[in-house]
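After this come two complexes, each holding chain A, first together with chain B and then together with chain C.
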Partner chain A sequence: MTARRIIGLLFASPWIITFIIFWFFPLLYSLYLGFTDYRLMQPSYNWVGLNNFSALLSDQSFLQSLKNTLIFVVGTIPVTTATALILALLVEKNFPGRTLFRSGFFMPSITSMVVIALVFTNLYSRGGYIYLLAKILGLSPPENGLLLSDSTALYSIMAMDIWMSVGYYMLLFLAGLKSIPKELYEAAEVAGAGTWRKFRSITLPLLKPVALFIVVINTIKSFQVFVEIFVMTKGKYGTSTAVFFIYNTGLEYFEFGYASAAAYILFVIIALISLVQFRLFRQRSLW
Partner chain B sequence: MKKYITYTVIVLTALMALSCDGDRSSGEITLEWWQFWTDPAIKPTIEKIAADFESANPGIKVNITDLTWANGREKIVLAFSSGTAPDIVELGSDWVPQFSSADQLAAIGKSVGADTSQYFGWSPGIYENEIYAFPWILGTRVLYINRSLLIQAGYDQNFVPFNWEQLTECCYKIDSIGKDIHGFGSNAAEKHRLYKKFLPFFWSSGAKILSDDGSFSTIASDKAYEALKFYKELSDSVGLIDTQRRLEDAFLDGSVGVIISGDWLLKRICNGGHDIDFITTIIPGPKYPGRSFVGGEYLAVSKQSQHKAEALKFIRYLTNRENQLLFCKENFSANPSHKKAAADSFFTGDVNLQVFYKQLNLSRMPKIDEHWPEIEEIIEITLEDVLFNDAPMAEALYQAKLDIEKLYSAK
Partner chain C sequence: MVRAIKYILLVFILLVMVFPLFWMFRVSLLPAVGSLSFDQFLSSIYTFEIYYDIFTTGKMTVYLLNSALVGITVTGGNILFCFMVGYALSRYRFIGKNFWFYSVVFVLMIPVHIIIIPLYLLIHKLGLYDTYGALILPFLVNPIGVFLIKQYIDTLPNSMEEAARIDGAGELKILFQIVMPLCKPALAVLAIQVFLTNWNSFLFPFILTGSESMRTLPVGLALYQGHQAIDWPHLMAGSTLAVIPVLLIFLLFQRQIVSGITSGAIKQ
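Now for the complex of A and B:
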């Protein structure tokens, strides 16, 4: 090994050591724990093989939390992505107050999730503005508030999540739009292309890498939804998600082995879905 | 050059060694205490008691770390798991068995054995006939009634319901005053809260969760069914269903006539300057005044502590009559664990605090063991199914019985 390489490694070593201690080792260790009956504060534990994984696959609470997570993911990602794209297209144009709109849409993304969740808890409660608006619109919201009913709690949290995250993805789409060469639009105009044709044939295909990034990142984030649930419902009224289940199992009941196994099942699901998304986005026919 | 480097290394090592062992070299002991009283109204009192202890015990310092109810329990669990637990820790009554059964707390029975008769509420602190935690501040729940609404409903201003029939009638009459007025504040599915509002009726009817020897669950019984039926009817017909905090808001603004709450509501009324005419009374039973739920704050010494004797000394200081009185007066806490403190004129001279005292004597703690968190969740799920999803009551109670028994058979 040359001196140059050694020096390079030395410079990188703080990060490498941190990665190994705080990321790599915990990842491997939690995988190992998934095969044990480890409980927090218990001095000894046993290897149980695949027992945790098979038990999880027949655990109704876990399956329900996975189902809720899937509803959350499927319900939020298309709406968030489409809304973010529309907003990006709107605020890209030159009009008075453009900066104000851009900042306004982005503001929720830099606000604490806990603060937003607490504000929305009030807005959704009986007498809250959103609850009253739903009443005025004749939507007959549940008598006790939107978060205190199985039929509306999860969807209300999903709506809040879309509102909160759309600004961030709008910004990413804006960056993508800025990188598209103007000449392409000029050439298309010369060839007689209309607005829709330009959008379909230039904007959308060239935004594909950004869209892929957004969908993958948003998928991972949505699968890990936790804070909103913890603050707003504590998993009640049909809102328990996979990460909330893991938290509850590990830190409420101390079943760390079982919780680790659940975390790895979730990891596999996220990895598989991300893989599918990568493959789908590679196909030209999508556009 | 080599010589200088060697000397520098030696000096630096010596300095580091000294700085790491500051406690021993100065002969001073620092007790780490993790506690939950972060409210600016009471924190200075906590700090004063700790400072007074330090003055009375030269050589012992108390380092206070604040925890929050949102995530304090997780921090405690992780500290115990990683061997970094504090010397003294404040625990909720329903948490103690999980720590004592996991062999994380120091046994204090020998040191406090002779004084147990001076305090209320030992049972959560006891595990397998050994004492692991010291009762500090207890907390029970009583019935709060809006007297203005009571009078509007046609009752005498001194009327208090003492049985289920009277409570039902009273709530119905208040409910019929107007469209926006509800008779009874019924808890929504809030974790760690809902079951505490149902158990008083459950216990008052004579029902039990487990058999006396703990070998099977008795939660599915005629008495439990009667209690659940009563609570559901009250909740369905005249109940405003909401979170505890919002129910208290509704009670204070006069839109709910009757709610169950703890001494924190008294404090809120006193400190918040709320103009409300209210009375408190013992939670009614089927025929006569009934039982309530009691929990509390407990103090325990970590088994890992290097200063167990000093830690226990501090706990004894915190929980002595004078300091409990000081604490309760500042915090408007109704139920000190020290019996002599509870007999002080501060409590006996206040009609509401007296209700809390009487209710404490009628209250029960659930038979708490290491399975309690799971049992609590089973009871809450049963209540949610019955109250909010109209599940058949008998079947739901029977399912709860099976689920509870499964916990013990798995063991």
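Now for the complex of A and C:
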């Protein structure tokens, strides 16, 4: 019996080792660093207590990056979720060509973010068709391209993110739709319910768990938006986000302590918002 | 009538969704030029010049090989290790088993941005910075994979394992010859998901390497510098090369990709 226990531990050891070395230790290490003034080119470092945290809370560039992140999250998630639901409803029923549409909608979301960001950098520049389209529609886009202006850069990146991720969430909604028992709709029809009524009283309430899951994972993901910012604007033109700030402070200016403190502030914000979302969604009145 | 409108709408959305990738491919077939205009897009100039250039002179081949090497190693590691760990968590009893299971769920939920700085420092201290070790070792077991396999093995009856054990089969033999074949569907889902994620991954390969010869394709593309202006045909050709394996895997294993994505969601 003890031999079996040892074998079990042995089989689990790849995870145990990975967890301790690459997750648990870094997590604690970064928490510790957040309370120090550790930076490169400095032989020793000191415990500075809450200095980093208080400095961050009055650091304009950090606060601005948090604000941009918040705009990103609040601006994209409702649109992404609603569009994904509409797409799912459009391709739910069986009809000729359904697989083609599903695959096409889904394709962008498994493509590399770097590739998507590069392609859209092109599309948003003066030679790209999105820029031209904006011009034709009389939207008077900025002279140098959509990414090279404070007024449009962040929103352009947000639009790209919505475009990229709707297909992924569509799939999750499709799985949710599939799990709704057909008998419910049949019973509702017998009772004389119309399409809207069925949608309102059966589909929407039963999709609630999937919708909650989508909003929560998308929130966690969107708060960490980084790759597209790095590739498309390098944080310029009012697009610096929180993770971009952490990257820039920590790995461009090598302020390890300060950047770690910023990372923990973001961590706490994400945790709190996820908690609030769970609470809110549990109330029935929202639907 | 309603049907026609629905089809028109769907075709329109489909165009919106796939046209950027089509544009990417089109630009990669243009000759290397300074700036790009819409007229060139419509022009009848098609050339594979850039692809020829990439495969004969460019650094892009190095990036491509790095991506393939790292992707295949990490995928292989995950198949083996996630399977072993998932099996242990499902079938064995050992010290701290619940704790280790919760650690999997915990890592699944924490935002990865938090380990950017400490992992960078740790990799430096371990002497792994700018090596294949940095690109591979931290990613050989991933929590999603362990979770997926554990849940899958939980649903399998253990009568075959018990029978084999009574027949005197060793634990390793049971693991690899009896349980592993039964887990093939889950392992396929895992392998595809891990490979795609790794192939597309940018953040960690970017922060854990420094020299050009260690770049994976996404890192190489993101840091690609043209001589003067942005060299769009080269960038889009490299992007196309990054997308082709994804497209192939997608066409071949669509079912596994979809089930990998949805199985996680439904359980939550």
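In the analysis below, the second predicted complex is superposed on the first by the 273 of 287 C-alpha atoms of A that agree within 3 Å, B and C clash if a C-alpha of one lies under 4 Å from a C-alpha of the other, contacts with A are read in each partner's own complex, and residues count from 1 in each chain.
In this section, a residue touches a chain if its C-beta (ideal position, glycine included) is under 8 Å from a C-beta of that chain, and two chains touch if they have at least 3 such contacts.
Everything quoted here is computed from the prediction, not taken from an experiment.
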Checklist entry - Should the superposition on chain A be reported as showing a clash between chain B and chain C, or a fit? => result clash
Item to check | Which superposed partner A:Tyr237 touches (first chain B, second chain C, both, neither) | outcome: first
Checklist entry - Between chain B (first) and chain C (second), which does A:Leu251 come into contact with in this model arrangement: first, second, both, or neither? => result both
Checklist entry - Counting only touches as set out at the top, which of chain B and chain C does A:Leu63 meet: first, second, both, neither? => result neither
Checklist entry - Counting only touches as set out at the top, which of chain B and chain C does A:Tyr264 meet: first, second, both, neither? => result second
Checklist entry - What is the contact status of A:Leu272 with respect to chain B (first) and chain C (second): first, second, both, or neither? => result neither
Checklist entry - In the superposed arrangement, which partner chain does A:Gly167 touch: chain B (first), chain C (second), both, or neither? => result second
Next on the checklist: So in the superposed three-chain picture, is A:Val74 touching just chain B, just chain C, both, or none of them (first/second/both/neither)?
Outcome noted: neither
Checklist entry - Thinking of the overlay built on chain A, is A:Arg5 touched by chain B (first), by chain C (second), by both, or by neither? => result second
Next on the checklist: So in the superposed three-chain picture, is A:Pro14 touching just chain B, just chain C, both, or none of them (first/second/both/neither)?
Outcome noted: second
Item to check | Greater residue coverage of chain A in the superposed arrangement, chain B or chain C | outcome: C
Checklist entry - Can you tell which stretch of chain C collides with chain B among 24-32, 204-212 or 240-248? => result 204-212
Checklist entry - Of all the chain A residues, which ones make contact with chain B and with chain C? => result 125-126, 251
Item to check | Residues of chain B that touch chain A when the two form their complex | outcome: 73-74, 77-78, 80-81, 98-99, 102-104, 188-191, 241-243, 246, 373-374, 384, 388-389
Checklist entry - In the complex formed with chain B, which residues of chain A make contact? => result 39-43, 125-126, 143-145, 148-150, 234-237, 251-254
Checklist entry - Which bits of chain A are touching chain C when the two form their complex? => result 4-12, 14-16, 18-19, 21-27, 29-30, 33, 87, 90-91, 97, 100-101, 103-105, 107-108, 110-123, 125-129, 132, 163, 167-168, 171-172, 174-176, 179, 209-210, 213-214, 220, 223-224, 226-227, 230-231, 242-243, 246-247, 250-251, 256, 259-260, 263-264, 266-267, 270
Next on the checklist: Looking at the complex, which residues from chain C come into contact with chain A?
Outcome noted: 6, 9-10, 13-14, 16-21, 23-24, 27, 35-38, 40-41, 81, 84-85, 87-89, 91-95, 97, 100, 103-104, 107, 109-122, 137-138, 140-141, 146, 171, 175, 196, 199-200, 202-203, 207, 217-219, 221-222, 230, 232, 235-236, 239, 242-243, 246-247, 250, 254, 257-258, 261-262, 265-266, 268
